[in-house]
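In this document, chain identifiers A, B, C and D correspond to the written order of the chains, with residue numbering beginning at 1 in each.
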Amino acid sequence: MTVEIKKIGVFTSGGDSPGMNAAIRSVVRTCAYMKIDCMGIYRGYQGMIEGDFKPMDARSVNNIINKGGTILKSARSMEFQTKEGRKKAYDQLQAAGIDGLVVIGGDGSFTGALIFHKEYNVPIIGIPGTIDNDIFGTTYTLGFDTALNTVVEVIDKIRDTASSHNRLFFVEVMGRDVGHIALNAGVGAGAEEILIPEENLGLERLLESLKRSKASGKSSSIVVVAEGDKTGKNVFELKEYVEEHLPIYDCRVSVLGHMQRGGSPSCFDRVLASRMGVRAVEALLEGKSSLMVGIQDNKITLTPISKAIKGHTKIDKELMRVSDIMTV
Amino acid sequence: MTVEIKKIGVFTSGGDSPGMNAAIRSVVRTCAYMKIDCMGIYRGYQGMIEGDFKPMDARSVNNIINKGGTILKSARSMEFQTKEGRKKAYDQLQAAGIDGLVVIGGDGSFTGALIFHKEYNVPIIGIPGTIDNDIFGTTYTLGFDTALNTVVEVIDKIRDTASSHNRLFFVEVMGRDVGHIALNAGVGAGAEEILIPEENLGLERLLESLKRSKASGKSSSIVVVAEGDKTGKNVFELKEYVEEHLPIYDCRVSVLGHMQRGGSPSCFDRVLASRMGVRAVEALLEGKSSLMVGIQDNKITLTPISKAIKGHTKIDKELMRVSDIMTV
Amino acid sequence: MTVEIKKIGVFTSGGDSPGMNAAIRSVVRTCAYMKIDCMGIYRGYQGMIEGDFKPMDARSVNNIINKGGTILKSARSMEFQTKEGRKKAYDQLQAAGIDGLVVIGGDGSFTGALIFHKEYNVPIIGIPGTIDNDIFGTTYTLGFDTALNTVVEVIDKIRDTASSHNRLFFVEVMGRDVGHIALNAGVGAGAEEILIPEENLGLERLLESLKRSKASGKSSSIVVVAEGDKTGKNVFELKEYVEEHLPIYDCRVSVLGHMQRGGSPSCFDRVLASRMGVRAVEALLEGKSSLMVGIQDNKITLTPISKAIKGHTKIDKELMRVSDIMTV
Amino acid sequence: MTVEIKKIGVFTSGGDSPGMNAAIRSVVRTCAYMKIDCMGIYRGYQGMIEGDFKPMDARSVNNIINKGGTILKSARSMEFQTKEGRKKAYDQLQAAGIDGLVVIGGDGSFTGALIFHKEYNVPIIGIPGTIDNDIFGTTYTLGFDTALNTVVEVIDKIRDTASSHNRLFFVEVMGRDVGHIALNAGVGAGAEEILIPEENLGLERLLESLKRSKASGKSSSIVVVAEGDKTGKNVFELKEYVEEHLPIYDCRVSVLGHMQRGGSPSCFDRVLASRMGVRAVEALLEGKSSLMVGIQDNKITLTPISKAIKGHTKIDKELMRVSDIMTV
């Protein structure tokens, strides 16, 4: 590789996820360890366009490993989707002497990175930061593990009150296109039924399952519903449908919403972020670009970003079967 | 007093709250300590009507002090609101030899208790179990403290993501008629504005406050809204109203819902429950009836249930002022 | 009052406690609201001597209400115990234009404040920040409630493993001179026995109680021991004593230590801190001095610091009785 | 395979770990789903010898997925290490009609299982339940993830107070022979130094590292020490050694102890337990024996128990390097 990296810019982009701060810390400290400069870029691509930069040294990331959110802020940028916007961003990077980038975000952020790299040849490495776990090339995205713990802790609380009143709760969790949160948190919370975007088992099956559940003597039931479930009904309509067809049930709805994105990261996500940040900087220093850091079989790997955003994660059939068996 | 109590029935009624199990444990163990019998009555007044009883000894309440919900279940009973229903309930108590009652619940449950006592002269003592803190005669109801912790922990998470995206969140918390949860959790979570049923400051003030907040350089804002706020708008309408009038804000809504009722009780609620349970049994043994156990100035007190349900709790003006000052 | 306060200095002193940051935030924001200047004094009295000051405005305390520890740091100062040290401190205050002080700390810090006020007549108001709850004139000190929750949550975990192995655990909690943490957390955690500095029931009673507990069919036992318990044995010696005299028990020790001082404050402590901070600043502006802000019967009160440090808190006899009854 | 399994016995053995209840639930419900009988065996091998059995149906494991500890209790059995003991155990299994076993425990429990299988040919499948993550053939043992979260949450609290007083804390975590908890939780908690049994970097390096840390401007430091660290000093001696050689540091010790074994399991451990339980029962029904269920590359696998107990887990060199870089 002919270009030697001297100053790395790091930024977070798209929806935030727990562990982003730990990843920023790792990138910053790895730069310090490697004795190269590091620049924080605020508010993702928009801040890049506006030159919203700040030099970061090892001490500037003290005490953030356990903080949710992102100290570099995140934002969507319409302007970066235009050629003019990207030109401005490149000029800002040039002016600041930034010659390598680490982007922490999801597939939207990665797509922008690829285009930018193609146009301006700035080396860029991605760290998959999203609670959805929907990125190909990594078994776990950063924040997924924490979000699962948040969801099961909340459902544990809902279960307390559900069980005290023999009620049925429909709990909506995040996941417009993928059901990883719903399936894992559903199994973890002991849900009676789990509705995900990847599979439409039909409303009949839901009613059957709930009837069986009642007959088996269970005192309460939790149905976990991903935002993008395929029943054709949202969670409130589902509740009404069930109340109409199974009047024995006293039903309630709970939409968990944005709390799933926040919170202090789990140890798993902190360690994952630390490992990924080191590898991202190393990859840049090795002259690599357009790769995403991932974890597979507990080893840190690199996957072309082009594959990461095109490939699809699959719902775990074995885990769906486990879920079925658990609700016997 | 002429009647000597030999067997006490304990039950939970109305919406459940954290600490109810700790209170049941305390009643049961105090009975054991005093060497009188104790009977658990399942599903509140409805279970009383149906004779759904179970003898409880000291060991039957092992390992429940830290559990949310109520092992005795709770339910609403239409039947108990009829003379026939109450007759059945009395007959069941007679048949089981229960000659004193401890009811753990809110004002609806207490009203039922008063009527029942008037008609059948069964001694009955109330323990205020509700997260709303809306019972006169006690500074804290059982479960209020835990619910506050649940709410601030969730808002802490929401704040992480709000602050990463410079967003404004409307967070709806429980409180149809009273704003105690909203006001206390709002102050505890550092909310920029708190909307409660007791006071309508008008939408103009809300807009002014949010404008000031933005101007002051805050990166995110949380508005805590009690269910029964008096703006005439629900939390979704509020969001739309603000987005329309303050387009600088990117707004989101989160409705916390039933998770507020569940969860392992705080130490405060466990201790409170233990103290109240002892006093409730003692009061029965002292020949008292129709009183509610409360806590005032850190001392356990007794208040006539008739006063407890008629009196009104007032919103704390000093705390509202503190809230105003904190959002400077 | 002849002196008009224009600039308030705020500092934390002695052992830290959860809620100190929330109190700092409240003092700073109340100053901003009242349009007077506020100066943060780092590292307590030592920082005062060294002139380690920093102006604080409303935004400088963003996002700290939920953080444990103290952003102003705390330290002990030998130098402040000398006349020369206090002279230096006064000169620094003069130079910085600080004409009123809010000290957040325990009785050691308050004693220093009184002497300093006597010598230099600088108005000073105290906020009781300590997890020990050992200050006269307030029902709750700042941090006590959070520490209780920390302790019961840890004992809940210990109970899991104790109960799986039918073991007896001795858990040492903070409290050299007072047993408030031990007694409250012990009741909250369902401890079988609680050993506190205020009362020596003797080792015989402990053995008796443990024998009874075993006989009653309990599968595990927790003995909560305050650091300053009066058995004459430390927690490890206690374990050995019991193992020797009651070989049926498989015993373990856990010393909770400093984790009890940290952690995100409970809602209770955050609200308490916010209220106390407002009152402290107000009291200074009203021309008052040498008073401590407290909470009694859920109302914010002022008590002469001289009383606060001389008076003794008493262990709650009623709660000790509750503890006895609960372990039936 | 000639033997058809009709009744499976499940038990927990050795030190307990979070997720054991979730694994029991999974085994019991998979049996119910497969329509074979399931028997809970209390107190591990000792209960097997004593015939301490209880039939378990799907409902008998309601509401335990989120509970720490083990409802089947655990114990060590000297008697099972004798031929006579194992003969008794076999006779009890025969008498109860148990023709297959699932053991949830660590390598000690697995060794017993192998011997028993060799002598009596009872099919037996192992589930690795231990917080130490020291079993070959699985990337994660059951309970490891939860223990890591417990440790980092506690160190987060300790960090609050350490940082308020500019102190150095030595935190001892579990791990007599392996440093997985220390290394992972140390990285997750942002520890300045991590001492593990697998590597002795010497006391000189520790002093150097602490000096550098102080010089770099860090306000507090955490040293995580595994029980079996190889410095030749225990955690209290380490503290004294550092205080003697680096008097600039104000040092404290915290020994986390048994709390690391308890607590509600993380979502990760609940899901892992559910998957492992299903596979264990399936393996028995497929006529397999003497295998351990594991997870590798997010897939459920089977490894001969003989390999699992002989093989050694290795400390992750890459993660040690990450740790070094993070403390720059």
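Note that a residue touches a chain if its C-beta (ideal position, glycine included) is under 8 Å from a C-beta of that chain, and two chains touch if they have at least 3 such contacts.
In UniProt terms the chains read A, B, C, D = ATP-dependent 6-phosphofructokinase.
For clarity, every value in this text was computed on a predicted model and none was experimentally measured.
Averaging C-alpha coordinates per chain places the centre of chain B 39 Å away from that of chain D. Centre-to-centre spacing of chain A and chain D amounts to 28 Å, using the average Cα coordinate of each chain.
Across the assembly, chain D contributes residues 156, 159, 163, 219 that each touch 2 or more other chains.
If the chains shown are joined wherever they touch, the resulting network closes on itself as one ring, and no chain has more or fewer than two partners.
Per the contact rule defined earlier, chains pair up in contact as A-B, A-D, B-C, C-D.
Those residues of chain A that touch chain B in the shared complex are 12, 15-16, 18, 20, 67-70, 73-75, 150, 154, 156-166, 169, 219, 252-255, 257-259, 261-263. Residues 25-26, 29-30, 32-33, 58-59, 62-63, 65-66, 139, 145, 148-149, 151-152, 156, 159, 163, 184-185, 187-190, 216-219, 264, 266-268, 270-271, 274-275, 278, 296-300, 316, 318-319, 321-322, 324-326, 328 of chain A are the ones that touch chain D when the two sit in their complex.
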